[in-house]
Amino acid sequence: MTSIAHRKRRRATGRLPVVLVLPAVLGLAFLLVPLVGLLVRAPWGTLPSRLFSASVGEALRLSLLCASLATVLCLVLGVPLAWLLARGDVPGRGVLRALVTVPLVLPPVVGGVALLFVLGRRGLVGQYLDAWFGVSLPFTTAGVVLAEAFVAMPFLVISVEGALRAADPRYEEAAATLGASRWLAFRRVTLPSILPGVVAGTVLCWARALGEFGATITFAGNFPGETTTMPLAVYLALETDPDAAIVLSVVLLLVSVGVLAALRDRWISGPS
Amino acid sequence: MTLHADLRVARGVFRLDAELVVEPGEVVAVLGPNGAGKSTALRALAGLLPLTGGHIRLGDEVWDAPPDAFRPAERRPIGVVFQDYLLFAHLSALENVAFGLRARGVPRAVAREEAARWLDRVGLAAHARAKPRTLSGGQAQRVALARALATEPELLLLDEPLAALDAATRLHVRAELGRHLRDYPGHTLLVTHDPLDAMVLADRLVVLEHGEVVQQGTPTEVARRPRTDYVADLVGLNLYRGTARGTSVALDGGGEFTVAAPATGPVHVVFPPTAVSLHPDRPTGSPRNAWRVTVAGIEQHAHTTRVRLDGVPPVLADITTATVADLRLQPGAGLWAAVKATEVHAYPS
Amino acid sequence: GAAESGGAADTTGDGRVTVFAAASLTEVFTRLGEDFEAAHPGVEVVFNFGGSSALAQQIGQGAPADVFASASPATMAQVVDAGGTAAEPVAFARNRLEIAVPAGNPAGITGLADFADADAKIALCAGQVPCGAAAKRAFDAAGVTPRPDTLEQDVKAVLTKVRLGEVDAALVYRTDVRSAGGEVEGIGFPEADLAVNDYPIAPLAKAGNAAGARAFVEYVRSDRGQAVLAEAGFEAP
Amino acid sequence: MTSIAHRKRRRATGRLPVVLVLPAVLGLAFLLVPLVGLLVRAPWGTLPSRLFSASVGEALRLSLLCASLATVLCLVLGVPLAWLLARGDVPGRGVLRALVTVPLVLPPVVGGVALLFVLGRRGLVGQYLDAWFGVSLPFTTAGVVLAEAFVAMPFLVISVEGALRAADPRYEEAAATLGASRWLAFRRVTLPSILPGVVAGTVLCWARALGEFGATITFAGNFPGETTTMPLAVYLALETDPDAAIVLSVVLLLVSVGVLAALRDRWISGPS
Amino acid sequence: MTLHADLRVARGVFRLDAELVVEPGEVVAVLGPNGAGKSTALRALAGLLPLTGGHIRLGDEVWDAPPDAFRPAERRPIGVVFQDYLLFAHLSALENVAFGLRARGVPRAVAREEAARWLDRVGLAAHARAKPRTLSGGQAQRVALARALATEPELLLLDEPLAALDAATRLHVRAELGRHLRDYPGHTLLVTHDPLDAMVLADRLVVLEHGEVVQQGTPTEVARRPRTDYVADLVGLNLYRGTARGTSVALDGGGEFTVAAPATGPVHVVFPPTAVSLHPDRPTGSPRNAWRVTVAGIEQHAHTTRVRLDGVPPVLADITTATVADLRLQPGAGLWAAVKATEVHAYPS
């Protein structure tokens, strides 16, 4: 314990290169000063009353729930996809890899429209879902999860794929010689070694899902308690009461920053 | 179930073209200079480098036969010690060793117990819970060895498994490994730069140079008739099996040796041909071991002359060319061979 | 009275009316919905507020909507063309453009003619959205060629820029000037009569609650409804 | 050459684990089927005429330019920031790391408002920029670049930081013993070894910048040829002519997928 | 500029507490079993592991003196060969070797030329453009050695730099390294498990066990008076400097040896104490080297007896206890020592 603390202190005395620190600090400022602007302009006086309204709580709860569910969905589908793109011998990998970025580039509203085309009641797939199973996804909480997952999954896939490519494949080989199937090797050897990359991807994915607006409102609509997540609430608030919109955004921020700060280091370092 | 391998692989400009046959229970040592293709051969056998030609067969199972058959590494019953260990960084030493057993479906508790036993055998019981990054080089290598041995595979591929060990540990681990390999029904390939490892542990030597097999045979054969100076230098050892009782060892093939360190039970007795001195008469003085021999053959190498001597036991002696003249050596001549007891090493076999 | 509302409840099936309404109607429709629910016990009004065109897309894709209230006749026309409405749309409100300037009018804007000034920062709605189309009519009538710095995607975005003082002048609806309180000053102009925008409403063909849909449309057009709309700054059609 | 081709063929015969391939394919389908929906519904007949209008070309050019400039800005500021977060001994790193995700969670429109608060004519910083240097960022192409960079930078920072954390720091130590300053070690040793992670982050960043809408229109406004990027054009087209919006989106997609497919593998493998 | 180091570091439960002094131009070999703390000591000296106590000073420059002073690795004039090489995977062998020079501001072309020269010295000119992953184990280790040497640092820290080399290459690289170190004005610390490396290359030995220095001194001193059996086993070598002319070597301290392999110029002459046989009278037969000695001391070790003998040259002999009795050895007794020429190795020094 003492030795680690000691080491930290000593290391800090090493000069950090200005050529790295200067842009880093600039970058940090660039990301954080607008936040400061927001905080400065936020109507602090009326904040508590606005905050503790039932609809804000509901929207916040829904946001966290949907973003987390969407992240789980993305992890379940996206990590294997990243693995396939990084390690599998798939023909046309380069194009596939680029195609995976599609939902990133697509303006989210158009993404929502595309989802409607496919999963809407009259969509390519949705009409059968409706006819055969009576399942209709748009305008439901499940729809929110789907829309968020659609928009956020590329972040996970691309981060994890990048991490996989940087990982040394010889450890997987070593696992194979020990009789581990590719799945076991992936689970027990590869995944732990790229954990930081997976965590980074998960953070991006969750945050993107949490902030998702365009695809959600288009595909899932805006029904309070069912599909009105915080960003949608912010959007409506902007229409009527811009101050309230800022307050809602700040709430969203604080909650997400809190969640991330609490979870992330624990995740990465893992149980010792 | 014999392992037949005709390994043809290309790596960049390097070409490996080597034939290997390993019988069940046999330990084959692969020797050769840096870059000779030893690790490449092991990778091919492990299924980490598909052949471009030739084949690998264990009994009637085809492991690799381009362009059709290829069995991936995880479905070959192998155990590999990699030259750079490749321990899993996020798993403890114990978990590393247990990994192979777990992958083969052994229940967690059993696997961990077995792994603990292996760690103990390589002298690392105290470091079972350490992560690989906190192990010293020699400790890490022993974990790698234990990991490969723990699954009791049909084909063991050991790439310089003792290179990082200190002298004392090496002795201990070599003996432990030797004990294990003696009763082991599988096939073993052992890459090493240490002729002693090779002579003590292996039933047969294969010498690779530039991707090709330049010589192979039992240690005694190779030592008796080295094809090149390189091989002569490398495998210059007299090696016998015998049974020790205190400082005296009765050889299986007849003859007896006095050794410095007492031992009991079956042992290998090893000393280099350079340790053998030749005398026209029975020598006086410190050498404890002296016996009658007759010259069976004389071979001139770069700077020394290797003399093959018949007797009980037969023995190789390296002497200078001047000595050959002095003693007027010629096939059939009778002499006394002498070896100091402190030069004769007995390793439990 | 009670009998009337009971009858309404009977004809509204499951008692739930889903209204797709333009985002600019959020505040006023929320109030109208509460009033409607009070007047029709057992009926629940559910709103889906969003951009008019997005709502039209959703309706086109089979969204479970009973009523559509659009901010522009053009988007309503898309739904009508696709056969999505159960009755002819009717205009229930109209909105009039005003010049909006930041509090204190720092650039001294007086009329539409100032919009041709290259030095002034000007924000207008894009031509594709209703307020942009209305603005174009106003400028055409005034014979002014505006020199905008930005063509915003909706009127609220324009308003934001005025509130923050990013632009010196803009054309927005009167309702918007009113909702911004003291941060924005409105300046009327004579050509505003030409720059009005109608809000159409219609019950939908695929409505699960056709009776409820009709009842809601009626309610919006009733005196009570019109009063609420007028209070928010809308004009009667 | 032949040996590599040969090897590929052989490897492909190894069984891929179903438990990975199945979700991977599902994930791929989830991301691509909506795209198919979009393509199916696109008005192919009128496409060429819509496509070759001057305004589309202008918007596309502006989009690519601004996204690329924003990405460069993000790389210059974001990579050092990632390094600082991953390796620097900064107090409160956990919170900083979480704060960096703020622009991710912030609804983009609010992000734009926050930027206006800070860099607008009357903003915290902007008023001085205006008064002292006569620089006004809103309603300019530079404003578009800034808005895009603000929204996209977290993607880069978090991906690169994840890659840095997974990288073996002992190579940096080895570089230090050879006399390399931390900057040199970073540039010549660390960066090349995490290149896949940086590329992944860059791709995310560029794609996000390319698709960015809310912050851009809020901060930089919408003026053809100056600040109207493709997503803005798409959004406005949605208002009047949804078919045109789909065509524009498809164009944006094809171009970005083309660019990524062409660049990415080259980037990662690098000159041999 | 002497290097003074009092290394106190904790790593987990392991504690290193060792004092080291290295004079300019001196080569100190650090020996010890696995996990003794050798690599830990090197890391501390390199600045990769800050001390928790003690200090490191080179001349009057303070490198580490907790809690105040700490000079980071990049500002220490050092060169390190890591036990696991740590070659930069994306750079070619040549670029790896040139890296240190480039970091010190040497122009690109000059650095590459110098690097090429170093690669040539370690016998890897043909692999200059190879990426580390395509090198064999032994090749990679030589690149690591060349990389550390190329910058000509003031303090060289070599962690088992020859462990992966085959016998012939090892001989060559050891000679090359020896040549380099002889003229080298800096300080060198060499970790090794091979006593021969230590005896041939080092001016002084430091033996670490359990993180503590158990013995140190010149190779001859340590070999003459090993404190423990471990040390006795480890450093059991007779080592002389001399000048070779053909198969005859005139020792600097008097005396002469016949060797098998002819050489010229300054050499190290090495043979193990076990190779020395003792005779009451001048021996006959093959041993080429025989000279008069008197017993200076007798030390009993585990299974052998080490006899210190005065003479020209003085020599150590390991013999069995039985022989001691037979020859009635006691201090002051006169004897003949004999060593076969083939046992005597001469290494260019």
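Of note:
Per-chain residue numbering starts at 1, and chain names A, B, C, D and E are given in the order in which the chains are listed.
Operating definition for what follows: a residue touches a chain if its C-beta (ideal position, glycine included) is under 8 Å from a C-beta of that chain, and two chains touch if they have at least 3 such contacts.
Chain-to-protein mapping (UniProt): A, D = Molybdenum transport system permease; B, E = Molybdate transport system ATP-binding protein.
Since the model is a prediction, treat every value here as computed from it, not as a measurement.
Minimum number of contact steps separating subunit A from subunit C: 1. Annotation of subunit C and subunit D: jointly contacted by A, touch as defined at the top. Averaging C-alpha coordinates per chain and comparing to subunit B, the farthest chain turns out to be C. Highest inter-chain contact count (C-beta pairs) belongs to A-D. Chain centres here are Cα means. That of subunit D falls 55 Å from that of subunit E. Averaging C-alpha coordinates per chain places the centre of subunit B 26 Å away from that of subunit E.
Annotation for subunit B: residues 72 touch two or more other chains. Counting partner chains per residue, subunit D shows two or more touched chains at residues 11, 14-15, 113, 117, 181-182, 193, 195, 235, 238, 242.
In subunit C, the residues that reach two or more other chains under the touch definition are 54, 57, 160. Residue ranges on subunit A touching subunit B, taken from their complex, read 170-171, 173-182, 184-185, 188-189, 192-193.
Those residues of subunit D that touch subunit A in the shared complex are 8, 11-12, 14-17, 19-28, 30-38, 40-41, 76-81, 83-84, 88-89, 94-111, 113-115, 117-119, 123-125, 149-150, 153-155, 157-159, 161-167, 181-183, 186, 193-201, 203-204, 207-208, 210-211, 213-214, 230-231, 234-235, 238, 242, 245-246, 249, 252-253, 256-258, 260-261, 264-265, 268. Touching subunit A in their complex are the following residues of subunit B: 46-48, 72-74, 76-80, 82, 86, 88-91, 99-100, 103-104, 147, 151, 157. Within the complex formed with subunit E, the residues of subunit B that make contact are 11-12, 32-36, 38-39, 83-84, 130, 134-139, 142, 159-160, 163-170, 193, 195, 230, 233-234, 247, 258, 260-262, 273-275, 277-281, 283-288, 302-304, 317-320, 322-323, 326-327, 336, 338, 340-343.
If you check the complex, the residues on subunit A that touch subunit C are 109, 112-113, 116-117, 120-123, 136, 138-139, 217-218, 221-224, 235-236, 238-242.
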